[in-house]
Every structure is written in structure tokens, then in C-alpha cells.
Amino acid sequence: MLLVIVFSALAVTALASGIAVFRVDSMARSAYALAVSFVAVGAMLLMFDLDYIGVITILMMVMEMAIMAIYMIMFMGMNPALMPMSMVHNKRWSAILAVGTFLLLAGGALLIPWPARNGSPAADLTASLGEAIMGSKMLVMLTVSPILFATIVAALVLANPRGRYDRWGDDLNRPTPDDPQQGGLGR
Amino acid sequence: MTLQLVLIAAAALFCVGLYGALSQQVVVMVMMGLELMLNGVILAVTAFWWFLTPIPDGQVLLLVVIAAMTVEMAMGFAVATLLHRSRGSDMTDSATDLTG
Amino acid sequence: MSDATVSTLGVAALWLLVTLPALAGIALCLTGRRANLVAVPVSLGTAGFTVAAAFVVASFRPSVEVPFLAGASFGLAVDGLSALIVPTVAVITLMVLVFAAAEGTESPARFHGLMLIFAAAVAVTATATTLPTLLFAWEIMGAMSYALIGFHWREDHRVGAGLTAFITTRLGDLGLYLAAGAALAGGAGMGLADLATAPSPWRHLIAAGILMAAFGKAAQLPFSFWLSRAMEGPSPVSALLHSAAMVAMGGYLLLRLAPLLEVTGWAATTAAWVGALTALLLGAVAVTQTDLKQLLAASTAAQLGFVVLAAGVGSLAGGTAHLIAHASTKALLFLAAGAWLVALGTKQLPALRGAARRWPLVGVTFAVGALSLAGIAPLALWATKDQLLAAAWETSTALYVVGLAAAALAAAYAGKALIIVWSHPLANAADKYDTEQRGTRHIAAWERVPLTVLAVGAALLGVLTLPPVGDWVRGVLGAESDPRPGMLELVGSTLLALLVLGLVAWKGAPRSSWAANWLGLEQTTRVMVVDPLLLLSKRLARFDDAVLDRGIHVAARAVALGARRLGRFDDHGLDAAVTAAARGSIVTGSAAARADTDGVDAAVEAIAGTARRFGVIARRPQTGQLHQYYAQITVVLVVAVILLLVLLLPVMR
Amino acid sequence: MLSLVVFLPVLTAVFLVVVPRVPDRAARWAWLGIALIDLALLVGMWIAFDSPKPGDLAYEEQLQWMPSVGSSYHLGVDGLSLPLLTLTAVIFAACAVYALRENDRPRPQAALFLFLQSACLGVFAAQDLILFFVFFDLSLVGMYFVIAGWGHGNAARSALKFFLYTFLGSLALLLGFIGLYLGADPHTFDMAELAQSPPFQNSPVAGGFVLAAILIGLAIKTPTFPFHTWLPPAHTDAPAIGSAVLAGVLLKMGTYGFVRIAMPLLPDAWRSWAWVIIVVGIVSVLYGALVALAQTDVKRMIAYTSVNHMGYIVLAVGAAGVVSDSSAQAQELAVTGAVVQMVSHGLITSALFLLAGVLYERRQSYDLNAFGGLAAPAPRYAAFFAVAAFASLGLPGFSGFIAEFQIFAGSIGTVPLSLLALPGILITAALFLLASQRLLTGKPRGLSTGFSDLNTNETLSIGSLLVLSVVIGVFPRFLLDIIEPAASVVVNLVSR
Amino acid sequence: MNVALDTLSLLPEVFVLGGAIVALLAGSFLPRNRQVATRWIAIWALMASVVAAAVGMMQPSTTIFEASFAVDIGSGFGRIIIALGTIFVIVLGIEELSGTRRESETYALLLLAALGAMLLSGASDLLILVTGYLLTSIPLYALIGMSRSPHAAEAAMKTYLLGALLGIMMMLGVTVLFGVGGGTSYRQLGPALLGAPAAAVAVGVVAVLGGLMFKAGGVPGHFWIPDATQAAGTAVAAFLTTIPKVGALVAAYRLLDIIPASIDWPLLVGLLAAASMTLGNLAAFWQDDVRRLLGWSTVSQVGYLLLPVAVAGRSDLALPSLLLYLAGYAATNLTAFAVVAALPTRRAITDYRGAASSHPWLAGALVVSLLGLVGTPPTIVFVGKLTTLAAAWDGGLVWLVVIAVINSVASLFYYLRWLAPMFSRTPALSYPTATLSPVAAAARARRRWAAHSAITGAVFVLVLGVVAGGILSIAGSPLVH
């Protein structure tokens, strides 16, 4: 019973902060609200004994939201606290669609005759996860690495307008990089 | 605590995120909506794993989802930066040259 | 000579009869102007050979057969009937060609070429043993008739006349196609001799088709009018095609197939009555004509009516004899009329007053022909007509009476022409000359030879019905039992003819306006068939364009145009079919042209129009607004899930 | 041998395209030479042809192609295809002669026509449905480029319409072929095997649908009412030789499909739906003739008469599907007539279109009313036109008569109601004579003045077509001896 | 599980990955004008991949890594088509890419995306499906935005956001299927889903299909295709309209093959197919930009490609026809793009006016490729269409076959809209001739490598059509799970 109450509280927190993401009037606050939502979900994960993943989730999301906040300040040049934000469109249809989807999914959740639990969780969940990663699901993790590699390359290509040839010359033989604002490594 | 309850919570999170993705104009805000949807998915995976299929596959799936979330966000920032640099705007509504 | 030699000779002659003129004719036509110099010798030589061959085949009676179509060979054979007809046609062809050569014509190569092809076609028609063979030659005759009527192609009305003639006779020809189909279905085969054995429903169809074809060719009611238009052709053409040969072939076909008509029960009667009525009504038409060639044309139809009557009542001997005698007579009359036309430039009877006196030999031969036509004893048509009327008498009194009345009319129109040409010319006669062409005032000596020969025929061919020659003819034809005219009839008819002649001489020929216009047959056809057809054709063409075009304004304009066109029809009354067609086509053409230019091309536009709409609609979802894409994706996915769930419902129940 | 005949032209075309700087003159003569060689080969095959036993083929060639879908490279010849193959070679040769003086991009033109010739020959030689379809579609592509590239007036649009419409037809055909394939057991696209054990023997509904697809495909190509509307614009804007090929060869693919595919492969369905085909045939005959009667554009008129003439074929093949105890002879006559009509129409209409092309070349007009009295300045042209007109209206002595007589005798012999189509020949006669009259006779007027007569090329190409028509018209046996056994086979197949 | 052996079976993927890494690393040390080495690295890596895949196809079909990846005819074809296609893309883009600042990155990203597509084509586990999806998508975002033009940025943004949304949908679907299927591997899912609640399976299938449709570019995930095709560089456009589709469609086939008949997924896929082909064709009707036109045309092609997917497992012809069509489609579509790449100054349909006289060979290649896309014999797509139609009919989707046929006719219209002006006798004047002599202008207006690849591609399209029977025979064996 206690579990249910705690869970419900977390769920309400997650949901409420999730809603807050789109209700607060600045992007930075949205980011914080989102972080709260993730932390709540991470906590729920912990409730299901998923210590490892739950912690990962919380850590990663807090970091990510911090980055997001910084990103917005640095790149967008916005003062997150002061910019009032009402950049929405199509509110009504969005709401209708969201509610419709919710009804569909929730209806499914309630009405579908879910099968019985098949087996029980391993005693040491983290260990079993490690075994799976190094065992039956090895390929999955093998493929995640090129994804990360690709992400690095792709993100840099997109985000950075100036490549090595801009900085070091076409033959990469410039003694110092040619940057609009000198600084950084290799100065 | 039942599967249904968790699933409904997950669905609610998912749909809040969906609402955000549908209604926000700023790319980063749309991304936040997507993150919320993924939040719901994470919860749903957990629920299914716990209540129906308590095998390690579910945990791996969770890892994959989290990884996906991360890389998608990274790409999102990159794309938003690109958009901002080349079009001077970070709103989806102002990038509507390609139609028809 | 051994039998084998005889048969070889006969077969050779038969092939010669058919192929020689055909090849010579085609050669002349193909070489065109370059052959003009040699055209006459070639033509006359060929015709001469043909005559010889005709007599050879008439005596040897060969038959040949080569494979042609599946189940229907190309068969030629000479039997009693054709043994009489083929030489007749050959001789008359020769005579007409001699006359034409003497008279002279433009493009002699083309003229003689076409005439020779025609002669070949007639020979095939007369000797054909199967339906395809018959139809083969039958339609070529029609085509040559077209080409010869429109021989002077620079004058549009002559070509138009040829068109009318061709189309009308071809309408009849459709009957032969029908007959062929029915013969095939009946299982009797396509041999002409076997047609009568076809089983019941098919037999009637065959007979109907044959009747239709024969009536068309023989210018019987209701097809008679084309013959009137055909008079636009040169006179030698009229003499050969439109009296002696082609038209006669209509009667000939019925004579040949009289057994078939007999077995159906109704066809013979129909033929008899159509023949009799044609003889009567076209006789009346002839009486009222003021144009000599028109008179002769109507009389041709009427006289062929007698032949058809004969076929209908089964008088093979009478019909054949009448056919032969009429051929000679009418060819003579047409040639004489042609001689005057060339010399005086007119064929109007009032203008020809006294023409006979100017060239007495021509006048005398004309008189022989006319009196023969009138049925004055002892000339040819007197006896032949009475013989077939005798057969009619045995069949039905009414038929006989109608026939007799027709004979009286024959006397009337023959007398009318005869009297006018032999009257003393008026002082100002020359004023009326040269109305149709510039006369030469000259009739060549060589033109008189054929006239004389034909006059002899017209005078003497009556012997074909009288003993002893008549008996021989009956023997040849295998019609020994044909009724013979009694003395009373023979004498009575000539008295009747004389009486009518006297009346005409005294009172003048009666004028009846209803008959003068050839019973209004052409107008009726036009109003009943041609105009609706043309209208339909234009409507359909417009429909076709409209389908492509879909422009409402075009349709509207078309309606307006149609109304205007109808109005124009009212204004002008019923103009000649050809003119109407031409004019109608202009209207359609302009409509079609408009469809092309206004409608900026038809179906592509129609398709493209629809497609353009869809193409534009299809691009609408691609708004460029990302959130709308999101919404669409969500909707599609949600709908997909719902769809699958709905499809699950029956399963769950 | 057969493959050589089929592929010789296209190989030459590839040669003409690939080898740079072939002079125009050489290209034209190469085209003519290859067309004549192809024709000579076919004539040789004709002479050596011995009607194969029912179910067999002459000059058969079969190679594996797509064994897993039951399709092979299968060529062969029988009495139905040999005349059409030869017709194709004749018409293309005539076109090559006609185009000897062409100055508009002769090299690609020669290549294109050679390509088209291969496609057309392939259609008539194919004994596999997929192979048939391949060639069928390629002929559309070739013709599209002929019209779009060398046409005049609104050529681009007409070509587009032609391609879209006939492509639709070809895809309907493809649907039907797939249906046949799936209906056969074992699955196969081979015509001979399908004819041996026709699919859908016991499922009339499925068979009906498959037949419907095939019929629509063929009807568009033929074309019959109401699928004919692509034809007049395509002809009007096509170049003369393009029109000749389109009318002379391409239209035959539709009618050939009836006797080669629809009848033997779907006998049950064909018999059940024969009355529909007959009605379509009769309507096409009358409609085509009537609409043609109202035309003032020579090419449009000829195009509509094609609808009429193709209607006879449809009528005949429809009638051949009406089986009764005593009708075998009539059915065979109808089918024979239909095939003869294909040949005859090919010859005559090609000649007419070439003649119409002469009008356009000299005066850039097809308007009947703009001319008149052509016989005076151009007597040879007038004679040719008149002869072609008479040939087309079915005058005895020309091939058209042989065809139409057999069609009518055979059709009326099986289905007496076919006589409803008889007025068609009358109207056709009227319209051709009217057209000749407007064009040729009377005093020279309008565009006729100074009209130069046919030159040697034109005379040779048009003349040879007309001469062939006469030869068939007078001595039909050499053709009928080939067709009749095949027609009998078809009738047996459809009657089982 | 023998990791070494399984990795050996992954050799084609390993080569590609290695090629990407080496190309990237080499590129960072090479001067700008000598990045050509990276091109060769990429091409050789792909060649090696092709060879390895071909060798792999000769081995008996098997699954590796505990049934998470299938090495069978589907992945074999997928790998070869993807690798060859990527080589083709690199070659057709030689002029466009060589010497650019991001050349080596481009090759690396192309290889990574190709790797993702290969993973998709062999994915026999829902998790691999997800990772394959990510690996294909992420390089694409960068490739599209690479040119940094406003349009490219817009297209990259849209592609990214659509990809993210549909990726999330896909993960949702994977989650649900995992929940009711008791695992993520197909081997496990197949039997388990038979007894699973159908409604849940429906949600899962629809959501996963949504993701795959994004990769394939079919409705509803098609929105990015025309934009990206228009805005990205030609080589990238060629790549993104071809390669990901191969992976996605094989993956869809593989997945649907194990989905039980308890839900009517053939109907769903059929509807998506119909929607894709119809929408793609109609929207292409009035496009003036040839790339956008091609983009829409690929949307419609996905519709045809979905036909055999819709009857997966229900017709013997389904898999062979899908693989054949994919091969044919890849060759044909890339050829069309090669022509576009070869004539970089001509962007609108009107620019192609009269191109046939100045570039007859390219015109011929375009005719072959566009008519090939329509399905005109004897091109390979014709055989593909024929067999897919037969398969769909065989699988009971006759209505879909009819729709496909009508769509084929409609598609002819816009392809001809493009082709017809080429043969017009009056050339377009839009490319700059004023300053140059005509010869120089023509030479400048044509890129040699791209032109040669276009012609090679056209020949390939025709030759493949003739040897299609052999391909079909090879593609006959079933998939393994």
C-alpha cells in the first residue's frame, strides 16, 4: 500500500512537472521542470529495484538539463529568467490529439487482458544486465558504439561551421589556427 | 501497485510530451516534449519488464532507450544550432520554405 | 475434237473471257495518259476477242473452280442461262466500245480501261457459281459504275451522281453479305445452285438478301432513283452499264436464283410484285420525263421490272429473252440519244424535236428501238414481254393486269420520244441546242455501225420466244414448260400498244408531276435515311469531341450551330445529298477545329484537369509546418491502431 | 532464326546510336537495308513455313529466363503470327522507303524505327505472356518518342495522351496476365502451356474478371469504342510514317491479343462474354464509321475508320465465341477473316496515312475542305488515294473484301444479329467516296494549286502496300492457306 | 554463442564500420585537396563488404548473436544492395564532394548510415531494430544539413524532428511488443505473439511500423523526403532516398513475417502502401524542381515496395519480389539521381528543355531510369513490379494490385513531364552560356563521373532486367529467425 502511495506521489510529481514544462514562462524553467520529471521517473525505477538504471537516468537527465540550460543561455543568447515565452500554436488540436492518444493508450492499458507474469526478476539485476550485455544482447551494445561515434561526428559537422581546413588552412599547415576569436587549446 | 496503474502513468507522461511536441514552436521546446514522451516510454518499459517479462532484455531495452534519448538530444542541439546559425531563428514555424 | 480438247478450249476461253478484258483494262488504267493513243485499238481488239470467247464458252459450256475462301471456291461456269447472257453482253460491249471510239472521249485510256474492267466483271457475274465469286464481281461492277458516271471528274455533280449510284447499289449489296452469312449458317454452302436447299430459317434470310441485292442493282423500287442520277455519265456508259449490262445483272441474278425464290414461298411473290409495280410506276415516271436520257433510264427500270416479274413468276425463258432483247434495244436507244447529245449538245426532248430527221439513219434505228420498246409487233420486246406476261397470267390475274398496264405505259413513253424526234423541227430549233455541252453537229460514220447492228437486234430478237428459236431457247434454259403467250395476247398487246401510240400522237403524253420527280424516291431516301444518318454522324462526332473536351461552351455552341444548320436546311429546302453532306461536314469540321484550339487539346486536358486538382490537393498536406506533420503522423498512427482494433472486434466476438 | 529476325533491327539501332558520326545518308540506307533484309528473312520463313500441328509452333525457340516465375524466352510462329510478322516487316520497309528523303534528324529516327520494329516483331513472335508484354510496352515507348519527337501540331500532348492511355491498357493487360499466371497450375506465363490447360475452367467469376482486365487492355490498344479517344489526336499529330506504323502495326497488337491470348487461354470466359464483345464490335463498327463520316481532317477521318475496321475484327472474334453444333465452319471463317482484316487494314490504312502525310508535307494541312481537284495537278496522287479509298471501303479485288466478306459471312453465320454491323461498310463507302470527292475531284482549288505529284519514294512505298493489298484481294490463297489451320486451332480451343 | 564466428559473419558490417573510422581519421590528417584517399578507403571498404556479403550468402542461412541478427537471403541482398548503392552514390558525387571541407566526414557518415541500413536489413531482434534505426538516422541528419544552406538547415531540422518523434514511436512499439511477447528476439516473439493480446500487438506493430516508415519514406513518415531531397546535396539526396529504404523495408518484412494473423496487418500495410503510392504520385504531378519530383516519386515507390511486405509470408513470391524490386529500385533511382548530379546547373524541369541534343547519353540514361521507375520493360523494376503485383494478388490483396496499377499509369504522367521537354527542339537558355563558348558551357554543365555513373547505371538497369530470372531464383529461400 505504501508502495502505491509513494509511486502515485512520484507519478503525480512526474506528471505535474511534465505539464509544467509547457506551462512555465521561460525555457530554463521548462528545462528544470523536465529534470524534475525525469528525477521522479528515475525514482520510480528505483522502486522497481532498478538501482543501476534508475541512477543512470537521474544522473544523465540532470546533466542533460543542465546542458540544455547552458545551451540556451550560450547559444540562443536568451536571458532565461526574463524571456516570457508563449511560443505555441495549434493548442487546441494538440490537446485533442494528446488526449485522444492518451485515451487510446490508457484504454488499452486498462482493457487489454495482460498475460500473467512470466518468471521472476533475477536476484542481482545489475549482474544479469551485465551478463545480457556481454552475452545474448552483445550485438546491441556493439551497435550502440557506432551510434555514439556517428553522433559525435554528425553533431560536430552540424554544429560547427568551421572545420579543420578553416582553422588550419587547406593543407593543415598553418602554425596557429585561424579563429575569429583566438583562444582554446593549441593557442 | 498494478501494471495498469504504471501504464496509465506512462501513457499520461507520453501524452503530455506529445502535447508539447505538437504545440511548441521552438525546436528546443519540441525536443523537451519528445523527452517527456521518452520518459513515458521508460516508465512503460519498466512496467512491462516488472509485471510481465522480468528478463534482462527489458533492462537492455531501457539502456537502449536512454542511449537513444541521449544521442537524439545531442543531435537536437546540433540541429538547433545549425538552424539558428543559418536561418537566424530557432522556431519551426519560421522554417517553412520547403512545401508542396 | 476430243472431249478433253473441247473442255480445255472451253476452260481457256472462259479464263480468257474473264481475264483478258480485266488485264487489258487494268493495264490501260495504270498506264494512263501514255496509253491514250493505243487505247482504242487495244480496247476494241480485246472486246472482239471477248466476243469470240463468249461464243466459244456459250457452246462449250466449260466450268472452272479454283480455291478462294474456306468453303467457297472461286467458281465460274457457263450454263444455259449464261450461255445466252454472256454473248449478249459481249456483243453489246463491243458495240458500245465501237461507238465510244468513234465518238471520241477525253482520256480514252482511262475510259476504255474502266469499260473493259467492267466487261470482265460482268462476265464473272454472269458465270459465277458461288456467292463470293458473285459478290466479287458484283461490287466491282458497282465501283466501275461509280468511276464511269464520274468520268468527267472536274464536274462535281457528276462525281456526286456516281456516289449516289454507288452507295445505293451498295446498300443493296449488303443483302449478298447477309445471304452469304445465312448460307454459311444454313450449312448449304455458298454455291449459288445450293442455296435453295438451305434449311428453313436461313433460306428466307438468303432470299431476302438476294432480293435486296437484285433490286438495288436492277434499280427496282425503292432503289430506282440512283439510275436517274447515273444519267450524268457519258452516254456509252449509260448504254452499257445502266441498261444492257450492270442493271440487267440484277434481273439476271433473280432469274438464276428463281428456284430459291420459289421455295421460300414469299420471295417469288415479292419479286413478282416489286417487278410489276416498278414496271408500272417507273413507266409512269418515264412518260413524264422531258429529258431523253431520264426517260430512257426510267424505262430501263421499268423494263427490268418485267424481268424481275418474270423471275418472280418463274418464267425463265421469258425473263431471259426479255433481258436480251431489252439489252439490245436500250443500248441502241441510249447510243442514239448519246449521238444527239454530242452532236446537238442537248438531251432535252423539246430541243431534240426533229433530230431524227437531221440524221435519218440514226432516226430510223432510234425508231426501231422505240417501237420495240413500245411493244409493237413484230419487234423484239413485243414478243418477249408477252411471253413473260403469259406466265404472270398463270400466277395471278392482278399481276397480269398490272403488267399489261405497264406495257401500255411503255408504249406511251416510247411513243412520246419517237414522235418528238421525228416531228418537223421548229425554225428556231438551234436556240435550244448546246444547253448541256457544246454540240459538234456531227455524227461520225462509225457511230452508225453499232446503231445498225443493235437495231437489227432490237428488231429481230423477238424470235427468242417464238418457235422455232424459242423452243431452242427453252431447251437451252431447261424451261420447256414455261407458258407461251396465246395468239390473242400477242395480238391484243400490240393493238394496245398501237392504241396508246395513237393516243400519245393525238393527245400528247400525259404529264403527272408526282411521277416526274421519280416518285420523290431520292428525296424520301434523303429525308428518311441520309439526313438522319448525317445528323447522327455529326452528333456522334460532336459527342466524341465533347467526351474529349468537356467544354460546356463547346456543347452550347454546338447546339446553337445545330439549330442554325437546321434553319439553313429549311431555307434551302432539301438540297442534294452530297451538298448537304459537304456543308454539314464543314460545320462539324469547324466544331472539331474549335475543340482543338479552344479546348487546348482534349483528353490530356481532361485527364490533366482531374489530375491537376488531385495533384494540387495531394500537395496540400505538405504544408512546410512541422507541427502539422506531427499532427498528421499522430492522426495516421492513431487511426491505424483504431482500424486494427475495429477489425479485431468481430474476432473477439 | 526468329530471334535474328526480331533482334536484327534493334541491334542495328544500337549500332546507329553508339557509333558516333554515322552520316545521315548512311543511317537512312542502313535502315532501309535492314528493313529489307528482315523482310527477306520473313519471306523465306513464309516459304519454308509448314503449318504446325495444333498446339505446336514453327521456328520455335525457348530459353530459360525467369524459371522461378514460370516465364521463359519463348518465341514461335504459327498461322496467326506469321502474317502479322510479315506485315510488320512490310510496313516498316515501306516506311523506310518513304523516309529516304527525311531531313529531320534521320539518324535517331532510323534508330527509333528500327527499335520499334523489333518491339513490334517481338510482340507477334512472343509465346510467353511476359515476353509479349515486354515487347508490347516497348512498342508504346517507341511510338511515344516517334510522335513526341517527329510529330507536329500538338505533338507533345498527343503523345502524352497516347502513352498514358495505352499504358493504362497495357497495365490492365498485365493484371490479366498475372491473373492467368496465378490461375494456372502450375503457375506459368507460357502461352502454349496455358492454352493446353487453360486456367479458371471452373471459376467463371475469377475467369470473368481476368478476361475483363485483358479485354480492357486489348480494347484500349485496338481501340474499340469507347476506348478509342486517344487514337485521333495521336494520328493527327504523328508524322506520316509514325501514323502508318501506329495504324498498320500497333493497332494489330490489340486484335492479335484477342486471338492469341484471350480466346485460347480463357475459353470459358470468352464464351460467356462473347455477346459483350459482339456488341462492342458492332458499336465500334457503326460508331467509328459515323464519326468518321463527319470529319473534315483527313487523318482524323482515317483514324476513325480504323475504329470501324477494328470493330469488324472484334465482331468476328466475338462471334467466334458463340459456339453451336454446326457453327464450326462459320467460326473458323470469322477468325480467318479477322486475321486477314488485320493484315489488310495494316496495308491499306498505312498507305492512306502515308498519303495523308504527303498532304501535310506539301501543304501543312489535313483539311479536306482546303483541298479540291487534286486529280489535276497530281494525277498519280489522286489515283493512289482513290485506289486506297476503294481498298479501304472493302471493294472486291482488294484485301479488305476478302477480310470483310469472311468476317460478315462468318459472324452472321454464327450470330445472325451481326448483320446490324452491315451498314458499317455502307457508311465507310460513303465517307471514303465523299472524302475522295472533296479532295480529288472538281476544279483545283485552295491548297491544291501547284501541288506536286508523288515522287519516286512515295510512289514506291505507298504503291507496294497497295499492290500487296491487291495481290491478297485477288489471290488470297497463299495467305489463307497459312491462316486457316491456325484459325481452326483457335476455334477448337475456344470451343472446348 | 561463438563470438568470434559470429563476428566473422558480421564481416561486411565490420568492414563498413572500419572504413568509416579509417576514412574519418585519415581525413583529419590529409590536406583538403588530397582527401581523395578517404574516398578510396570508403570505396574499398564497401567493396570488401560486398565481397564478404557475397561470400556470406553462399553459407547456409543462420542467425548470429543469439538470434539477434539474421544472416540469410534478406540481409545478404540488403548488404550487397546497400554497399553497392553507397559506392554508386560516392561515385556519382565525386565532383560534387571532392575537395569540399567535409569530404572525409561525408564519406564516414555515408558509411555509418549504410552500416545502420545493413543492421536494419538483418535485424532479427527489436533492439537491433532500434539501434539500426538510430544508426541510419543520425548520420542522415548531418548529411542533409551538411551544406548549411538555409534550406538544408530547414530540411535537416524537419528530418531530425520527424525522425525523433517516429523513433520514439518505434521505441514505444518495441516496448509493447516486448511486454506481450516476452522478449525482444524474433525467434522468441514469433510463437509468443500468437497468444498475446491482439490489441497490444496492434499498438506495437503500428508504432514500430511508423518508425520504419520514417526510414522507408512512406506514409506517414514521408514528410521529410521531398524536403531533404530538394535541399540536400545531390549525392546525399540519392543516398537518403535509396539506401535507408532498403534496410527499412527488409526490416519491415522480417518483422511482419513473425506477426501473427490475429491482427489484420496486411490490410494496414496495404493501406499504407496505397496511401504512399497515391500521395507520392499525385504530389509529384506538378513539381518543377526535379529533385523534389524525384523525392515524391520515391515516396510512391515505397508504396509499390510495400506490396510484397503486405503479403509477407503469404506468398512464395513475396520475399523474392521484394528483394528484386529493392535491387531494381536502388539501381534505377540512383541512376536518375546520377543524371541530376551530372547536370548540376539544371534544377527545374524547364531547365531540361533540349538537353537531349546536348547530352544524348544522359538523356538516354534518364529515359531508361524514369521509364524504369514507371515499370517499363525490360528494366529491372518491371520485373520487380510484375512479381510484386503477382505476389500481392497471390496474397489476396487484389484491390491493392489494382490501385498500384492505376498509380503506375499516373506516375507516367510526371515522369513524362520531365522527359518530354528534354527532347524538345528548343533548348533552355537558363544555364550560363553568355560568357562561355557553347562547347565550354556544355562541358561545364556536365560532370563526368556523375555522367559516367548515370550511363553505367542505365546499362545496369537494363542488364539486371534481363538477368532478373537469376536474381529471383537466388532470392527464393525463406528468411531465418
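Labels for the chains are A, B, C, D and E, by order of writing; each one numbers its residues from 1.
Convention: contacts are C-beta pairs under 8 Å (C-beta built on N, C-alpha and C of every residue); 3 or more make two chains touch, one makes a residue touch a chain.
Just so it is clear, the model here is predicted, and its values are computed rather than measured.
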Trace the shortest chain of touching neighbours from chain C to chain D and give its length in steps. 1
Chains shared as neighbours by chain A and chain D? C, E
Taking each chain's centre as the average of its Cα atoms, which is closest to the average over all protein Cα atoms shown? D
Identity of the chain that, by mean CA position, is farthest from chain E: C
So using the touch definition from the top, which pair is joined by more C-beta contacts, B-C or C-E? C-E
What is the chain whose Cα centre is as far as it gets from that of chain A? C
Between chain A and chain E, centroid-to-centroid distance (C-alpha), Å: 30
Here the gap between chain A and chain B, centre to centre from mean Cα coordinates and rounded to Å, is 7
Expressed in whole Å, how far the mean CA point of chain B lies from that of chain D is 64
Hunt down the residues of chain D that sit against at least two other chains at once, touch-wise. 160, 164
Expected list for chain C, residues touching two or more other chains, is 607, 619, 622, 626-627, 630-631, 634, 641
So which stretches of chain E touch two or more other chains? 127, 131, 134, 138, 141-142, 145, 148, 156-158, 161, 165, 179-180, 182, 185, 199, 203, 226, 283, 413
For this structure, enumerate the chain pairs that meet the touch criterion. A-B, A-C, A-E, B-C, B-E, C-D, C-E, D-E
So in the complex, the part of chain A that touches chain C is made up of which residues? 89-90, 93-94, 97, 100-101, 104
Tell me, which parts of chain B touch chain E in their complex? 14, 21, 27, 30-31, 34, 37-38, 41, 44-45, 47-49, 52-53, 55, 57-58, 60-61, 64-65, 68, 71-72, 75-76, 78-80, 82-83, 85-87, 92, 95-98, 100
Listed in rising order, the residues of chain B that touch chain C in the complex are 18, 21-25, 30, 92-93, 95-100
Touching residues (chain side chain B, partner chain A) in the complex: 1, 3-9, 11-20, 22-26, 28-29, 32-33, 35-36, 39, 42-43, 46, 49-57, 59-60, 62-64, 66-67, 70-71, 73-75, 77-82, 84-85, 90-91, 93
Mind listing the chain C positions that touch chain B in their complex? 619, 622-627, 630-631, 634
